[in-house]
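Below is one structure; the comments refer to it alone.
Every chain is named by a letter (A, B, C, D and E) in the order it is written, and numbering of its residues begins at 1.
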Amino acid sequence: MFSSSYKGRLMPVLLASAALALGGAIALPSFAAPDRGQEYFPLQSYRVGPYAAGGTGFFGGFIDYMNLINMRDGGVNGVKLTWNECETEYEVERGVECYERMKTQGNPGPAAMNPLSVGIAYALLDRSTSDKIPLITINHGRTDTTDGAVFPYIFPLLLNPWSEASAMVNYVAQRDGGLDKLRGRKIVVLYHGSPYGRETIPIFALLSQKYGFEVTEIEVPHPGNQQQSQWLQIQRIAPEFVILRGWGVMNPVALKTAQQVGFPADHIIGNIWSNSEEDVRPAGAAAVGYIALTDHPSGTEFPVVQEIIKTVYGANKGNLDDKSRIGSGYHTLGIINGILNVEALRIAQQHFGDKALSGEQVQWGFDHLDLDDKRIAELGATGLLPPIHVTCADHEGAGAVKFQQWDGQRWVTKTGWIQADRKLLRPLIEASANKYAAEHHITPRNCAKTS
Amino acid sequence: MSFFVDVLVGGLLSGVMYSLVALGFVLIYKTSGVLNFAQGAMVLFAALTFVSLTEHKLPFAVSLLVTLAIMVALGWLIERFVLKPLVNQSSITLFMATLGLSYVIEGAAQLLWGTEVHGLDLGIPDTPMQFGSVAISEFDLVAALIAATMVAALTLFFRTTRTGLAFRAVADDQLAAIAVGLRLSHVWAIAWALAGVVALVAGLLWGARLGVQFSLSTVVLKALPVLVLGGFDSIAGAIVGGLLIGAIEKSAEVYIGPFVGGGTEGWIAYVVALGFLLVRPAGLFGQRELVRA
Amino acid sequence: MSEPLLSVTNVGATYDNAILALSRVSLTVGAGEIVALLGANGAGKTTTLRAISNLLSAVHGQITGGHVTFDGRRTEKLGPAQLVAAGLAQVIEGRHCFPHLTVEENLIAGASALRIGRRQLAADVARIYGYFPQLRAKRRLPAALCSGGEQQMTAIGRALMARPRLLMLDEPTMGLAPLVAREIFHFLRALNRDENLSILVAEQNATLALRYADRAYVLEHGSVALAGASAEVRERDDVKHFYLGFEPRQRRQYSSLVSQVGT
Amino acid sequence: MSAERALLELRGIELSFGGVRALSSVDLTVREGDIHAIIGPNGAGKSSLLNVISGLYRPLAGTIAFAGKDYTHVPVSALAHLGIARTFQNLALFAGMSVRDNIVMGRAAFARSNFAENVLGLPRSRSDERESARRAEEIMDFLGLHAKGDRKVATLPYGLQKRVELGRALIAGPRLLLLDEPMAGMTAGEKLEMCRFIVEAKAEFHTTVVLIEHDIGVVMDLSDRVAVLDYGRKIADGPPDLIRADQKVIDAYIGVDHDERLVEAAV
Amino acid sequence: MRFWLVAALLAVALLVVPRVGNTYLFDAILTPFLALSLAGVGLNLLTGYAGQISVGSAAFMAIGAFAAYNFNLRVPHLPLLASFALAGLTAAAVGIVFGLPSLRLKGFYLLVSTLAAQYFVQWALTNFHWFANDDPSGVITAPQLAVAGIDFSSSAGRYVLSLAVVATLTFVALRLVHSQTGRNWMAVRDKDLAAAVIGVPIFRSKLLAFAISSFYCGVAGVLWAFAYLRTVESDGFTLDLSFRILFIIIIGGLASVRGAFFGAAFIVVLPLLLSRIGASFFGTTDSGIAELVEMILIGVLIIAFLIAEPAGLVSLWDRGRRRLARLLSFVPAPQS
């Protein structure tokens, strides 16, 4: 009575399609292979899964910028940019598979890897070093990779996590009228339960010791859609500020839960991954007044964004499906990431000639990446990113951030560039990097010589 | 003391949300013995469909009705194309099939409506109200109310309608149900459709709280310990289990969490459920022990 | 004689594709008849009834041959629900009341295969209470809490709710006190007489069944060993043999075996 | 012919399930070397009695003496070492295993090697395996199963599966063999063969047999003694000829007109 | 015949493949395939043979990985393979603890109890920083892989090392399931009552199954961490990974050591296959859509396989082989 009409026919269909699939996979090229003589940027992107919003915005911005360069300038000094995507879903295994699949493609090979995932970046640390492909972890990554002597191929550009923590503490101090006012204050750090989230645990402890504020660090398990008990705990501690080191869904949920327990939004300070429109919009009214740090302010008023709208989206080649997301935080970060990658290539070309370069050559460009206010203005990105000066020893190159507040519709910038206390951090970074070097038998290169 | 009450109340109310998800499991398990892992995906699918419809400028009520219709249709499709051909297979096979199903539903939901995070505003403010010294979010209260209404409605449905009667008959004794002329596949289809409706309600409430996005589908993992505690086949158990788990989880995180570095919420429910099981292997309200696949 | 209401022709059946349960069973039930199906445990009575109402597939069984005609229609393509709707109801072995449903709900569930309105349904339930007045008192009690006799009445009542023309019962007196068992058969006889309901009853208690039935079939090893009018069957000595193994020929075989080995 | 010594003695066994009385004050004495049958209508408590003897049910009251030792309930885990083996009414074979492995399993309690020895193939494990294999071959020869050794047991016809189950019980060389309907659902020919196995097993392994069987013809011919249960009580016990003539037994089986019976009881 | 086939296969895998393969083949396909196969063999011992469902395999992989890391770190001069074995033993010990509920629980209730293991272990490994040698991110990095002075750190080397470990343990598993231990497991699985009656120590057999299965998963975790990813955090050993391993044994075939390899091939290769087809089909337009279509397809395929071949790829394979053998033998099949 339960015999089902299609059951019997299923197996032949399955076998036939399996054969077809196998044949197809062998016959078809695995990607539209990058053309010879073009600069190849493999994208380990993620447009699905819990962090899809971040992925689509960031990689959308990156692709939009590369499209702009190709369409407006005909590439970088005549070298067209090319790319393809491999979906990682923010998962390490898939990231590794993508890396392995993409690293051999392109001629002369990939310019740089941009996985936008701390977990994946960790797994690629020695792989990309031994394969001589720069690994860009803009605004994130492992802090001690800032030490370019030990990690020549890893670039936590603009802002590493420790700088970020320091800048946030500095901002709190500035609001209160000086670092000496921090003594006795209570601060809670609410962080994402992942390597990214945990990266700053020791540094907050250090800062609290140095400035005498009381810090409680509370973890929110991945993906962060359950925070009630954490916020009840916060309610009990009653801190002056909550520093939110969130990611993806954790951010709106944090804001909503804060509202639920009655914690004021304007005393929550979000970090670099809690500062996009996608993080606050879903929280609705609960997000009004929320403050976040940024080094990639959102907005469409920047000339480079305008040009993308005009040239790329005008030609219907824009990457974002939802046009209202143009100029959102993730999107502008993607654009900035595009700028930095392209400029590194440009600088490397000055050294190696105007042609498609290998990863090893592009590394030279990143190692000498230097964008001052003038160059940033030429790029149409004034105010969009701080000046950056990368050196052999310093792969961060900036460490300055602005603070912005959400008014319910848009982010309103509240401060100019605020610097992290990089002098304080540098010895710690070096110590950590040297420990890594010792464990992994790496001989640091001599930066005094090369620069 | 008042803090403890705050925690307890907060826990109980979030437990209500767990119960809502667990309810969907119970409906299907009771009639067909399938542990439906795709329930979470159905929650996501329902919420995403609804919110996308409203974003396409459909009025609230129309969106609700359309989503309802889609969920019912989905239930029927699942019965027809997944469960029916798998009848008489071991329960582990059925479980794995629902896992596969969850991929399909999650994929389809996002393919249809995109992967962006959507805010969902049901017009219920999520701000605390003071009841004496205890602060309770209005949203939580409304959620609890809706959950209570739904349980009442389901109970009424089962007690008073003939479909409900058929449903209970199948849950009680399948062979006898066939012998009196009940069509199992009809009842199963209804169970899946109802589970879809429950998923819609859960999706709306969870979605309003968390934003409508991918991780909604992971709420299913919160429902499992609830089911263990309450018994896989008891509606009352789903409610009581949910409340218990919510309360235990929150108080543990607040009172024990700080001493062990926090994050106990991820497992405490399971460990409590496990400890409980060792004492009562069929759950609080469970009717019979399940035999291995 | 006109076409019988039910005719079973050479039906064979197995469980799990391995256990042979029936081989070539044939029987008929005429309109208005009470027919008894007798035999020892495991002779195939239950399987025969399940084969008739197409319940075998629900218990890992299958029909391997032959065919069943009910009211002139072949039944192999009909599902159990359709058969019930066509007027063939069964009280399955061991009663199988829905334990958590009340007595009244059990009865209502019996009408599942029919499309009838609420009022009609209430009238039908009242009719059952007419047959079994003691059920009315227990109408709100979960069936599991009723006595064995009441459960059997509930099960019979539930089957009658489908307004059958042929009622099949599988060991309706199993485990019941003698007086209750008699009461049940008495009731069946009355129902048959008053409403012209045809009945096929599988029963282990041959004496009791033969006293009420018009005709009887005796099953042995999954096939019909003996058939005839009740009185006739009652008088035959070999009925005893089917239960107590008096068949001389077979005995010899085993005995010789024993003596052979013993020496 | 058979010794008069009692191998198994049940005294005053009481058993009930959720208030329903399954066995009431049942006494049973099984003499060593006998085939002792237990018969009775459906639901009379025959299988329950077997489950009490094999320790699966714990009686409410009563004692069980086996080979001179008293138990309030028989420990299941020690059953094999006591020398008791049984078969089940509805086949309890290990469906996913081969015929040979099923039979070998009957010696599970007597394996001396542990898993580490098994993995490494140490002498003790090897001798275990050899011994088991040898005995399994013997049993399969005895039961006519040698051609089927590698077949998955679930693919065999029912009659053969019953035989495998008997083999699994026999390989342990039990002193007492409990058979729960070993011939149910068999054709006459299969029954005859099964009878032969039981009789031969008794002769060859000196096994005492307690047998539940519905085919009374078989029972009467095969058994040394027959006990009759009805409604959880033993209503008769004795040699087949006496049982056959016992009016209570006839009543219980064929059913009497209950009025008569009530009258009889009243008299 | 079969022995020679397997031997030939192994010889090719060990001698030929490392010479002709590229790093993509090793790092993205073969090494994860081997690690997952081993985990599948382990879970199959527990679920397929002993009949105890578990969705905690990833947790035991995590225990293995972290234990091996710590043994390597903290015990000087410990040979690499010894740390593998110790890691497996650690996982086995924890496995016994989480196997205790199997005394009383069955089916889905037991499944939920293994979920407790999954979450608790993941939490403990992240929360107590000692396990990751106080790395602030909770990430551990593989040590240099050297056995008896030979370095296995290259892609091909890691593949060969994995292959050797997996082949050895598979051999052991095969012996185990054909021994009294394996028979006891199957007896408990098929009819625990009958098993008890004939004297199988039920509880001890179940615990042994948990222990050995966890040992296998633990070693698989070491391979996953050391040979495949090289850098892992405990969050990488998710429930999703546990489910994948469960899929492997169900799709491959329960109670079949070979099945774990078939299943692992299916689970590792299918997504790659689909994503390759997807990439060429959708081009570079939107990897998201390709990914979602892929997700749906995987789900559909899983359901379809469960419906069409509930006994797993192994039985499909055996049927195919028999049919092929009949074709090749040129003897017409006997008419039945």
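Assume a residue touches a chain if its C-beta (ideal position, glycine included) is under 8 Å from a C-beta of that chain, and two chains touch if they have at least 3 such contacts.
It should be emphasised that the depicted structure is a prediction, and the values quoted were computed from it without experimental measurement.
Taking the mean of C-alpha positions as each chain's centre, the chain lying farthest from the centre of chain E is C. Taking each chain's centre as the mean of its C-alpha atoms, the one that lies farthest from the centre of chain B is D. Here the CA centre of chain C is 53 Å from the CA centre of chain E.
Per-chain Cα centroids separate chain B from chain E by 31 Å.
Inter-chain centre distance (chain B to chain C, centres taken as mean C-alpha positions): 43 Å. Residue numbers of chain C whose C-beta contacts span two or more other chains: 58, 79-80. Touching of two or more other chains is recorded for residues 123, 126, 189, 288, 292, 295, 301, 307 of chain E.
Shown for chain B are the residues that touch two or more other chains, namely 85, 88, 110, 115, 261-263, 266.
Note for the complex: chain E touches chain A at residues 22-24, 27-28, 32, 123, 126, 136-139, 141, 144, 228-233, 235-236, 272-277, 279-281, 283-284, 286-288, 290-292, 295, 301, 304-305, 307-309, 316.
The residues of chain E lying in touch with chain D in their complex are 172, 175-176, 179-181, 183-184, 186-187, 189-191, 193-201, 208, 212, 255.
Those residues of chain E whose C-beta lies close enough to touch chain B in the complex are 47, 51, 53, 101, 104-109, 111-113, 115-116, 119-120, 122-123, 126-128, 189, 239, 243, 246-247, 250, 288-289, 292-296, 298-303, 306-307, 310. If you check the complex, the residues on chain B that touch chain A are 3, 6-7, 10-11, 14, 81, 84-85, 87-88, 110, 114-121, 126-128, 135, 137, 139-140, 185, 209-216, 218-219, 222, 249-250, 253-254, 257-258, 261-263, 265-266.
Contact residues of chain A toward chain B in the complex are 2, 4, 6-7, 47-50, 52-53, 56, 193, 218-219, 221, 223-226, 228-230, 232-233, 235-236, 248-249, 252-253, 256, 259-262, 278, 281-284, 286, 321-322, 325.
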